[in-house]
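Chain nomenclature is as follows: A, B, C and D, assigned in order of appearance, with residue numbering initiated at 1 for each chain independently.
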Amino acid sequence: MEYRKVGKWGLKISEVSLGSWLTFGNQLDLNSTKQVVRYAVENGINFIDTAEAYANGIAEAMLGMVLKEYRREDLVISTKIFWGGDGPNQKGLSRKHLLEGTWNSLKRLQLDYVDILYCHRPDPEVPMEEVVYTMDQILKSGLAFYWGTSEWSAEEIEQACKVAEKMNAMPPVVEQPQYNLIFKKRVEEEYAPIYEKYGIGTTIWSPLASGVLSGKYLEGIPEGSRLDRWPWLRKTMEERGIFQEETLQKLKRIKEIAEGLGVTMAQLSIAWCLRNPHVSSVILGVSSLDQLKENIKAVEVKNLITDEIYSELNSLF
Amino acid sequence: MEYRKVGKWGLKISEVSLGSWLTFGNQLDLNSTKQVVRYAVENGINFIDTAEAYANGIAEAMLGMVLKEYRREDLVISTKIFWGGDGPNQKGLSRKHLLEGTWNSLKRLQLDYVDILYCHRPDPEVPMEEVVYTMDQILKSGLAFYWGTSEWSAEEIEQACKVAEKMNAMPPVVEQPQYNLIFKKRVEEEYAPIYEKYGIGTTIWSPLASGVLSGKYLEGIPEGSRLDRWPWLRKTMEERGIFQEETLQKLKRIKEIAEGLGVTMAQLSIAWCLRNPHVSSVILGVSSLDQLKENIKAVEVKNLITDEIYSELNSLF
Amino acid sequence: MEYRKVGKWGLKISEVSLGSWLTFGNQLDLNSTKQVVRYAVENGINFIDTAEAYANGIAEAMLGMVLKEYRREDLVISTKIFWGGDGPNQKGLSRKHLLEGTWNSLKRLQLDYVDILYCHRPDPEVPMEEVVYTMDQILKSGLAFYWGTSEWSAEEIEQACKVAEKMNAMPPVVEQPQYNLIFKKRVEEEYAPIYEKYGIGTTIWSPLASGVLSGKYLEGIPEGSRLDRWPWLRKTMEERGIFQEETLQKLKRIKEIAEGLGVTMAQLSIAWCLRNPHVSSVILGVSSLDQLKENIKAVEVKNLITDEIYSELNSLF
Amino acid sequence: MEYRKVGKWGLKISEVSLGSWLTFGNQLDLNSTKQVVRYAVENGINFIDTAEAYANGIAEAMLGMVLKEYRREDLVISTKIFWGGDGPNQKGLSRKHLLEGTWNSLKRLQLDYVDILYCHRPDPEVPMEEVVYTMDQILKSGLAFYWGTSEWSAEEIEQACKVAEKMNAMPPVVEQPQYNLIFKKRVEEEYAPIYEKYGIGTTIWSPLASGVLSGKYLEGIPEGSRLDRWPWLRKTMEERGIFQEETLQKLKRIKEIAEGLGVTMAQLSIAWCLRNPHVSSVILGVSSLDQLKENIKAVEVKNLITDEIYSELNSLF
């Protein structure tokens, strides 16, 4: 397992990590969570990501029970604040929700602090001054070591960095975007100017595009699969053209390349993410211990991707 | 119930709210307070305002007992510091009184923090640097999320914002002025330049002008009414010309309009306040559960006020 | 009793107050301290000054036991840090001693905070940045509301204010100098430029010039008196020319004026200090309850000093 | 014992002090540690230096048990953060390790704060903004009074001071470099421009060049000696030319001079360090109480070094 710096900053995280809204408290119960975390840690994963919104807080609560078995210094734990409930002040990035949300997350996690606290989405309703002032207060109070953003535009991230500079506050150090073989524009183009300028790192979610890059949907939508269970997700994917013939052909080509290397399509897709030096870590969703065992091998598959294969993969979408 | 942002800031409060110096511990005992708060919360009110001065601290103490039944995140609680007692340092906005007053209010309220802490009046005897430095200390200590002002001039609010900017401190986000059909100059004219410039919101008190706009005094001053019980209040109202024939005629016209809409004069007057987009919330004083039940309907009456009616109401005073 | 603002700042203190290195734990035991403080508070004194150095901490410890009977908000308590012990780091204004000294003083005083924390002397060995940074940390931690200086030059005070301005820190708000009919140059001339510029107040010690202005030494040095017990103090006074014929003549003239007004020389001397509008409070040393009862009357004597008498008194030294 | 200011700052430390990676928990067990600390304190040493890395935390834990017998104000305790363990985030100067390392060190030391917290090495992988922001947070939280650096280049120290200036943060006040008769370039030349400009003090380690200046290795490497036990240290010394004939001749000359003064070579070497006014303290490693008793005498030997002898010693290497 390789450990990468989060952008220019001092924190080091494993190149693959555990997370996703579906993993803890959803696809995994308490016992499987214990096993998965144990396997992950023993195989060098030190970074676990969650969010107040995941499984309505159950993801955090479950992790809280499991993490007690580990030495805090060995782990990098992050959570994300944005969707804390239905009330008018339980959503978004107001001071009220950022502080109440953080306090509640830490209670569920049974932790004194998280390593990274993310703003789970941008909130155009809250002035950037309010967000930066509050995140800095959280850092100075010792409740988090670093703060980051998730699914913010490059412009929003840059604005946060400028406000922080003006306030003598810590800027965000990391963005958590969607990134995979199919959807790559934001990470590769939009953020290009800010990586060096502000030293931003990225922790990637959706490396398999909701399972599409595992090849699961090549022959239609299996019963009980994610796109079967969540119609809104299926609709999103349809709108993105996932089931068009052209796309299916490209996906089949990825499958061929994977088979040529003797690896799975998922492993190849994850490994492809790791080739991007701006990626600090690829967050794996895990539905079973076996799936983790398979996908964690992407860190070795990474070395099988020749420049030629990398070029072809890049040219597909 | 509509929830409005407090100016440009992240906090959201119900368009009508509970408060007033006469409500808790004065017109309402502990049992009625419980009922009133229960009814308010169940009908979408999330904002409750009090002050260290109200009923000499009893308002806060009573609320403290009542609020324990609610989830803290669902409520926006504010208090106001200025009149804490008779001693030379128990009044005003000195660091000593702001900090001691806040600590004492939080103890009475049995809360770890309030959402908004108001400076209940301006204090020309205290340098603005001292006030802003101290309010920022209170925010950074986690004792309040936001701070505001009450009955400050536009000039004073602007000065506070400038000092805060210079100090990298949080500026005040909200002003609590008197505002109603009769007295509207400050909110509509004096503050006009600062709403956009500093993103100030307003929480309105006295929407019924001490009951005058409920029509209560159209036929003289009933025994036991506010103007009967507090001669100083009666004198103030007399000086403002409330009992002049011209005023009475205008009040009667308001009553006619209300009757024309099939609503009470009080409901119409409150609803008129809600038409002003710079009003974040109208604070209702409550003397009984029935009165709350009646006046909360103003949120629906709001939609009955046509542009024509609004124009006529605006032209009266 | 009149309450005066401390310079331009928000704190208000009684025009006469209790203090002096000789009072608590030295001339007064625990029982007399209780009586004296009780009498003082009942007669409107709200400000009590002490120092870590007074009676080697016993003054603070004794006050700590006595102050528990009072409501904290009614009192303005100050202490002063500089001489905390013999070790190399128990003296002066280093971060180490300022913080350790403050923590220890608060423990002896059994208080969570003092209202004013003084730097008991300037310390040329410590950079002003270190002092201001540390005093601001103490204020922001809630251990003191304001900070001040004692026996600093105008230049040192101005430097502290400038460093604070640059750091966004609270400047010192008050100086505690020696001031009396004989030694008045610093308060009246040296500090003249900084009163308005920085809003500095003063709390005056030695209003009677170590008892000289009580007339005690007009006929020589009585056995058991201060100048008898502390040869170094006697020497200082001799060097300042207290026992020269010219000085004695002037002192006798003060006595005559006092007798003409039907008051004591001490009362007149204290009252004279109170005529200076830059004096926030005159700190009285107290050797017995009777002495306090006598000297507190200076607040009334103040009104007997006509402009003519004031002129003559000013012209003496 | 002379006490010296740490550069221009307020802290005062004894000119010789206790420390070194080999002393506590390595060459000394708990009982000897107690005796050595007792002797040191009784003979005027007030400064004890350790590090999280020394004996893998045992040095701190042992000191923690011993220091409880002393009054905290009498001691200046420092520790150093950099090597806290093997994990990816247990090394270096990231916010995560600086904060976790400090919390853990204080627990082992059973202290609420240290007087000085050192960054044990520079960390080019961490932005200076992150280091300065975090050290300032530690100071403002009351966990340390001052912070310093160890084995940083003059350029790195200057950069830290500039970042601190920009952030209104406390700059580092002290550097802990290697300094002795043989290796003196950094302290005497590289740091020359920053002593006055930033008021940096130095606490010196390795005053005997790993024992070389005690004369121990003049006739080869004795069994059980440091260079015998740690081959890497021996290799370092060989690379630095310690065993070349020219060096041995110079060492023998130092021995002659020491014998001429009737003192040991170690005493003379330590005393030579003390002649440099930029040295705030020389940290002695101690393998036995007897060794401390001998080497502490260097503070007297200092006065035996005439200008002539000092010149000759300076000219050797």
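What we mean here is this: a contact is a pair of C-beta atoms (placed from the backbone, for glycine too) under 8 Å apart; a residue touches a chain by one contact, two chains touch by 3 or more.
Going by UniProt, the chains are A, B, C, D = Aldo/keto reductase.
Please read these numbers as outputs of a predicted model, since none were measured by experiment.
Student: What rotation angle, rounded to the nearest 5 degrees, superposes the C-alpha atoms of subunit A (Aldo/keto reductase) onto those of its identical copy subunit B (Aldo/keto reductase)?
Tutor: So the copies are related by a turn of 90 degrees.
Student: Greatest Cα-centroid separation from subunit C (Aldo/keto reductase): which chain?
Tutor: If we average the C-alpha coordinates per chain, A ends up farthest from subunit C (Aldo/keto reductase).
Student: With over half of the numbers shared counting as same, classify the subunit B (Aldo/keto reductase)/subunit C (Aldo/keto reductase) interface as same or different.
Tutor: Homomeric contact, different residues on each side for the most part.
Student: So the centre of each chain is just the mean of its C-alpha atoms; given that, what is the distance between subunit B (Aldo/keto reductase) and subunit C (Aldo/keto reductase) in Å?
Tutor: Comparing mean C-alpha positions, subunit C (Aldo/keto reductase) is 44 Å from subunit B (Aldo/keto reductase).
Student: As a quick test, compute the distance in whole Å between the mean CA positions of subunit B (Aldo/keto reductase) and subunit D (Aldo/keto reductase).
Tutor: Spacing between the chain centres: roughly 62 Å.
Student: Which residues of subunit C (Aldo/keto reductase) are in contact with two or more other chains?
Tutor: Subunit C (Aldo/keto reductase), residues with two or more chain partners: 140, 168.
Student: Could you please write down every pair of chains that are in touch?
Tutor: Contact pairs between chains: A-B, A-D, B-C, C-D.
Student: Could you list, by residue number, the parts of subunit A (Aldo/keto reductase) that touch subunit D (Aldo/keto reductase) in their complex?
Tutor: Interface residues on subunit A (Aldo/keto reductase), with respect to subunit D (Aldo/keto reductase): 3, 5, 8-14, 46, 72-74, 76, 115, 139-140, 142, 145-146, 168, 170, 199.
Student: Which subunit A (Aldo/keto reductase) residues qualify as touching subunit B (Aldo/keto reductase) in the complex?
Tutor: Subunit A (Aldo/keto reductase) residues touching subunit B (Aldo/keto reductase): 84-85, 87-90, 92-97, 99-100, 104, 123, 125-127, 130, 133, 137, 140-141, 166-168.
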